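Notes to accompany the following structure.
In order of appearance the chains are A, B, C, D and E, and numbering begins at 1 in each one.
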Amino acid sequence: MSDTTTTPAQTRTQTNAQAPLLAVEGLTVRFAGVTALSDVSFAVQPGELFAVIGPNGAGKTSLFNVISRVYQPAAGRVIFDGQDMARLRTHQTARAGIARTFQNLGQFPFTTVLDYLLLGRHTRLRSGILLGGLYLGPARDEERANRAECLRILDLLGLARVRDLPLGVLPYGLQKRADLARALAMRPKLLLLDEPVAGMSLEESRDMAAVILDIKEQLGVTQILVEHDMAMVMGIADRVLVLDFGRVIAEGAPAAVQANPDVIKAYLGEELGEAPSADGASPAETAP
Amino acid sequence: MSADVSATPPAGVASRRAADVTTRLLGTSRRRVVLILALVAVAIFFSVANDDQFQIVNVTMIYAIAVLGLNVLSGYAGQISLGIAFFMGIGAYTATWLGGTPPTSPRAPVGLGLPFWIWLPAAGIVAALLGALIGPTALRLKGFYLGIVSLALVVIGVQIFKNAAFLTGGNSGRGMLPPAFGDTPINQQNDLFGIALSAGQQFFLVIAPILALAALFVANVMRTRAGRAFQAVRDHEVGAAIMGVNLFEAKMGAFILSSFLAGISGALFASYNVHVDPNTWDLTLSIAFVAAIIIGGIASVWGSLLGAIFVFALPKVLDVYSLVPATGIAGLPSGDVNTVIYGLLIIVFLLFEPAGFVGLIRRGRLLALRMSERNRKGGEPTPAAAGADPGGDAEIERTRLTAGSDA
Amino acid sequence: MLAVQDIEVSYHGVITALRGVSIEVPDGATVALLGANGAGKTTLLRAVSGLLRIHDAAIVRGSILFDGQRISGLDATAVVRRGIVQVLEGRRLFAELTVDENLRTGAIAARDAAATRRAYDRVMDLFPVLRERRASVAGYLSGGEQQMLAIGRGLMASPRLLLLDEPSLGLAPFMVQQIGRIISEISASGTAVLLVEQNAQMALAAASYGYVLETGSVVLGGPAADLARDGSVRKFYLGLHQEKQLGSFATLRTTRPERRWTLE
Amino acid sequence: MATRTALTARVISAFAILGVLLAGCASNTGGGGGTIKTGPGVDASTKTITLGILTPLSGPVAAPIGIPLTHGIETYFKAVNANGGINGWQVKLVEKDTKYSPQDAVTAYNEIHNQVAMLGESLGTPPTVAIKDLAASDHMLVSAATLASSLAREKYLILVGTPYRLQVENAFDYIVNKLGDKSPKTGLIYQNDEYGQDGQTGYKEAVAAYGLKDVGQAAFAATDTTFTAQVAQMKAGGAKYVFLTTTPVATAGIIATGHALGYDPQWILQSPAFATALVAKQSPVAPLVSRAWVVSQGASWGDTSKPGMAQLLQDVQKYAPDQQPDGFFEFGYTEAKVTQAIIAKAISNNDLSRDGLFNAFESLKNVDLGGLLPPLNYGSSPDERVPSRDNTVYAIDPTQPTSVRDLSGDFTGSAAQASKF
Amino acid sequence: MAFFFQIFLAGIAAGCIYALVALGFTIIFKSSGVINFAQGELLLLGAYLVSAGVSQWHLNFFLALFIAIAITVAIAVAFERFALRRMIGRPAFSVLMLTIGLDTLLLTAVIAIWPDVLYAPAAPYSTTAGFDVGGVHITINDIWTIIVTGILCAALYAFFRYTRYGLAMRAAALDQEAALAVGINVGLVNTFSWAIAAAIATIGGFFLAAHLSGVNPGLGVIALVAFPAIILGGIDSVLGAVVGGLIIGIVQQLTAGYENTALIHLFGQSFTLTDKLGPSFDAIAPYLVMLVVLLIRPYGLFGKRKVERI
């Protein structure tokens, strides 16, 4: 495959020197009078694991929907890999190198896990109806090669045994993982993870977090992580952006964000927000 | 599953799997046995059946090709269509134009008298081209809106077919020639390699391979890139687009393939009947196809074949081998009694198994699977056993053609 | 008043969502139900309100008693008639109907016209802003107003027990606090409340009693004040101070099972 | 994959070979014998001739038309068989239900075409049109209960009676030549199908031949809920005579709409446009329809001055005692008489093969139907295939057994006489 | 001009009948998401029952109408209760097929019970009478059709707007679970909507039979023309059904009135629609109007767009 993903070594050295892989500038999104995002700006460096957090309804998923061109922003722009995303249609974002996992599963309940990964590789395959229907030469070779690739990913994520089961019958945690595998199968430059551990047990969350770190470090894929689970975000993200009511209220390293009084207020309300010190564990202490 | 994640796969695993990466249509020995048994059954049928039986089987196979086509569009790609009859008509008239008798009088409709192997593919191609022309407009719409617009296509089509007399013969329709082996048309008794073949047998030899090829083609499409895209579009358009599926391209692909198969079916239908009537291509025919894919099974090649049998062969079987006395029941002619029985069969069957025959088969298979799972005590639990029910919602939901029906 | 006794609920006949859950809601009390996504909180509410059926789910074991009478197995309409109303997550207003019409739908199951009139006045007193917007179409209300209308609609049947599913979801902090106060008011006027909330702080402030659900089972229960002080609740639901768990994520960066990614 | 394709290919070819081999023992051809030449559907050993009957036995057309018409055929041959058959040959009928659908007709045809000598009946224009090419390729004679003039040209179709097209022409001949109403204003309302087109063709020929002042030819469709637009055109043009090439259902609506719009021209109905139900007691349109004319031909039920009708009544009494007076029964009975004449001729020619039957048909002249219909003539050119060109204009009269009363007597108009097919 | 108004009036009357059929579709679709393919045959059965009541059973017209409504409603309700209720949550296509099954059964039953080609319609007024206003002849039939349709629409509007049941039906149509949560008996609502649709179908059947001056097995095909009407109006809009029905009726009648007389001048040629497009172009005109509207508004005039969420 003609992937152009940079090696981990490259990303580490180039993180600060390069232009950002994704730049969001002054983004505003409204529907039916409600402002979902208001003047949001940030930049994600290549190889970075960038987290976006915020209470429910803060606009996190809307942000992803703008990046993957499902929503049309009212103002602002998104530059990905030097290209203005406004010029692309939804399906072209995938070819441009953006993959995304879904917050809600169940869209493709009958697709088997292996087929789901192959679907993820849609932009990397070429054959159309005629070649596919005849199943000759190139179509066959391409199917074989891509199946092999997908099976490797399934092995890596421990999904090999369920490869022929439809997604709809898998336990929730496995569905989430299959979804990640599918996004990964695309071999994206940018991976958008929409609440990858929501509804998972602690153990499952840890496994998922480990996979995310592997993707970052071994594949060098840039990732944006939207997540509720503060513990996980604080534990693995390089940088964190905090949204509240569509506005950016904080951005920075996890430790700094945790200490930010606005963040504490948005998350905890005032009364409990003051409480932590009484318990003796200040946020800063838990930061790595 | 956490143990699985942490374990680095043994070196051999990946390569072994790599060799085993094609989903095989005949992957298991059991499937192969079933196929061989089926072929033997077909061969026996071929040898002993009489013209009545060939009549039913041949017509059903012709319809089955169009059922496959509709299943591509509605079953796999989720685009509700009542327009299949229109594309069958287009195929039929393309065939009569190319393969019909050259006109002997100035008022007779055009016909070039070209052979079978020209008009048959041409019928599919012309129908497909027309599909490509109409598709961009029709596919802007969703769900029932698309369904009703495709219905409009059928109504308008019949009007066109009735009035384009130079091609269709107008209201009285026009003739068509059957395919010929050599010089003899195959609806006559014929000798092939010294073996006497009846008309039914000859048509069977023409139609059966075409149906088999069509089924194989559709099955192949559905296990490769284009078919996966169709199904993704059906399940969730936005999700599919995010994964890089060009919605327009996928829908158009399904529409064109569907039209192609309908065109082939229409052409065969015309030559089998040796006459084409403009009223044939009406809504009733389209609805029969919708019934076939629902009763057979949405998004299934086998379901298409079973559906065609249920919808097109069963009523004939009921008529020919009726349990109803010829004098009818309670003053109702036997034909009407059969219609009632058939209507009730549809209702009862769908109440019992909304996913159609394929649902029935799947259900049986899962039952067997679960029983063997239970028997394999102490073995590794599969996620299917530990987690959700494979036979539950997901299976039933497969037939959901979203269509804004959840209003 | 409400006693959920050791119930087990499964979806599609297979997926078990609740296993052996027992809770109680005393007369006129507000009880909070805490737990992570997917812990089974909403399922528990559905089990009480009779809404399991349309999700193809059923109580397979145990029973639910209301005033000592068994209500498990009744359909939703019958449950509403007994005096239990659920306010669904995400408000679920009839967006094309006006505020007044939405409120009237809430009283459709009730048969007593006088009681309905009283309920209407009570709602208007509780939410004066709805009075001003009576003729507006519900879809055009702000998020907070919509939540008030949803609660108001629930109160129109004069329930004795109100089931609230995530009323603070997506609301501004000041609005969250206002909803909390409203819940207290409702409870003070004699209607018991069973409250499902992610905002543990608001929930525990409004409630007198609380339960914590985890993967379909009750793991903790007690007076709200005790729960609010309970270290594990604080840590688990606030996500900030979980040394152990955070540590477990933090260490992943350095110590996690080695895996060779051989994608080309 | 290569192996899979190869396997499939092998299996398919094996199947094909197997099938062909087994086919050898399957085919059988009917054996003949005796001095008379025979073909399919003719058993010389038992002296039985089998005829196919394709007719709607279920569906909406069955009860009003299909069943009584088929009854007429059955009754006639029951009488023939009971009286020693046709020169000692017994006639056996194989009936298939077409539901009036072309598709079902084709299926039914294919099911029986190898076991019958000819089709004693194919009811209705659409089903007949659907099978005519199949029948031609089998050299199969088909007696068709349709009067569509386009079918008269078909080599193997037997029409019994004067085509629709000529009915229209004769109706206007009556007005212009018999009643002496020169160049009247006229109009046509027709349904948009083969039958309607035939009426329109006749109407256009009549307009040209008789110098009619045509105010319009309006079509309607099955989905129309009102006929106001069509009738209003006639009214606006001031048509004095309006011809209806319709079915009874539309006839009622058109005449009633006209009356409601204050427009009561002389309505003239094509023969299928009339049914006795139109003048049934409860029908609100009965008084209006009773002022219309219908153009048709043949003896009135109960008119024993015609020997054919006397025979019919006798056979009905003996073999179909429950039968009510019915024009379609009479039509079926008359058709069967023609079929009988063909078979008798073929037997006397010593050739009951399909071609023998066909030759017999082509040489039939002056088939005497005992006054049920005027004598019919057949021949080999398209113009000769029109068995008759005469009609009668009837007044509608609910007091008569078949609700019609002879107005004009039987005649052939000048346009009908000259009409070329 | 009198000709135009004559036909326009007929178009409105025909449109009223289409509107009645379309209303039946829309009411069922809104409450339960089912497209009822049997609507046409419910209308057919209703027309036969009214006719039989008066001319076979010799009942008073209104009694006959009442009995006809009662029977069609009973059939519709039984079908909803015993067949459709079991299909809740099942694929929409399968449900649609069930209604086609019902359609077949109803048609066959009607033919079996009433085998003759044509039955007399019944009406409490003379279906063949009319009067003249300034050159335009107005038929009593048209007047009653328009009045009764108007009253029915107003009654339905009032019902939906002001009654508890109407409110319950609107609520259930918008969000079934939320309706259940506030105690609305959604099952009953579905049953009720089938009952209303069947009653409207019977009344529509009566008017259709009156206009055609006969009851025959082909009356059910009117449902085919109601499809463009509901799509034109927007499938989930009651107002749309009425407006769509009227537009279709008027377009169809105007086309029928002018297609073979009005000359079109194009490229130096003069011809009529019939010359170029064949007779009975009015049969497809409704579909063309629908197509044009859908190209501009893909969800009909009053329909709402569905949003797919991710």
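In this section, a contact is a pair of C-beta atoms (placed from the backbone, for glycine too) under 8 Å apart; a residue touches a chain by one contact, two chains touch by 3 or more.
Remember, it's a predicted structure, so these values are computed and weren't measured experimentally.
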| item | value |
| --- | --- |
| Chain closest to the assembly centre - both centres taken as Cα means | B |
| Farthest chain (mean CA position) relative to subunit B | C |
| Remotest chain, subunit A as reference, centres from CA atoms | D |
| Whole-Å gap between the CA centroids of subunit D and subunit E | 36 |
| Interchain centroid distance [CA atoms averaged], subunit A/subunit C, Å | 30 |
| Inter-centroid spacing, subunit E versus subunit C (mean Cα positions, whole Å) | 44 |
| Inter-chain centre distance, subunit C versus subunit D - centres from mean C-alpha coordinates, in Å | 75 |
| For subunit C, residues that touch 2 or more chains besides their own | 56, 257, 259-260, 262 |
| Junction residues of subunit D - those touching two or more other chains | 1, 59, 62, 192 |
| Touching two or more other chains - residues of subunit B | 5-7, 14, 22, 162, 236, 238-239, 242, 336, 339, 387-389, 392-393, 397 |
| For the subunit E and subunit B complex, residues of the former touching the latter | 29-30, 33, 35, 37, 83, 86-87, 89-94, 96-98, 100-102, 104-105, 108-109, 111-112, 173, 224, 227-228, 230-231, 235-236, 277-278, 280-281, 283-284, 287-288, 290-291, 294-295, 298-300, 306, 308-310 |
| Partner subunit A, residues of subunit B touching it in the complex | 1-7, 9, 13-14, 17-18, 21-22, 217-218, 220-221, 223-229, 231-232, 235-236, 238-247, 253, 256-257, 299, 382-384, 386-390, 392-395, 397-398 |
| Subunit A contact footprint on subunit C (complex, rising order) | 36-38, 139-140, 143, 169-173, 176-177, 198-199, 201-202, 205, 215, 231, 234, 238-243, 245-250, 252-253, 256-257, 259-264 |
| Touching residues (chain side subunit B, partner subunit E) in the complex | 74, 80, 137, 140-145, 148-149, 151-152, 155-156, 159, 162-163, 236-239, 242, 283, 287, 290-291, 293-295, 298, 331-332, 336, 339-340, 342-344, 346-347, 350-351, 354-356, 396-397, 399-407 |
| Subunit B partner contacts - residues on subunit D that touch it in the complex | 1, 4, 7-8, 11-12, 14-16, 18-27, 29, 57-59, 62, 67, 97, 99, 102-103, 106-107, 110-111, 113-114, 126, 129-134, 137, 148, 150, 192-194, 197 |
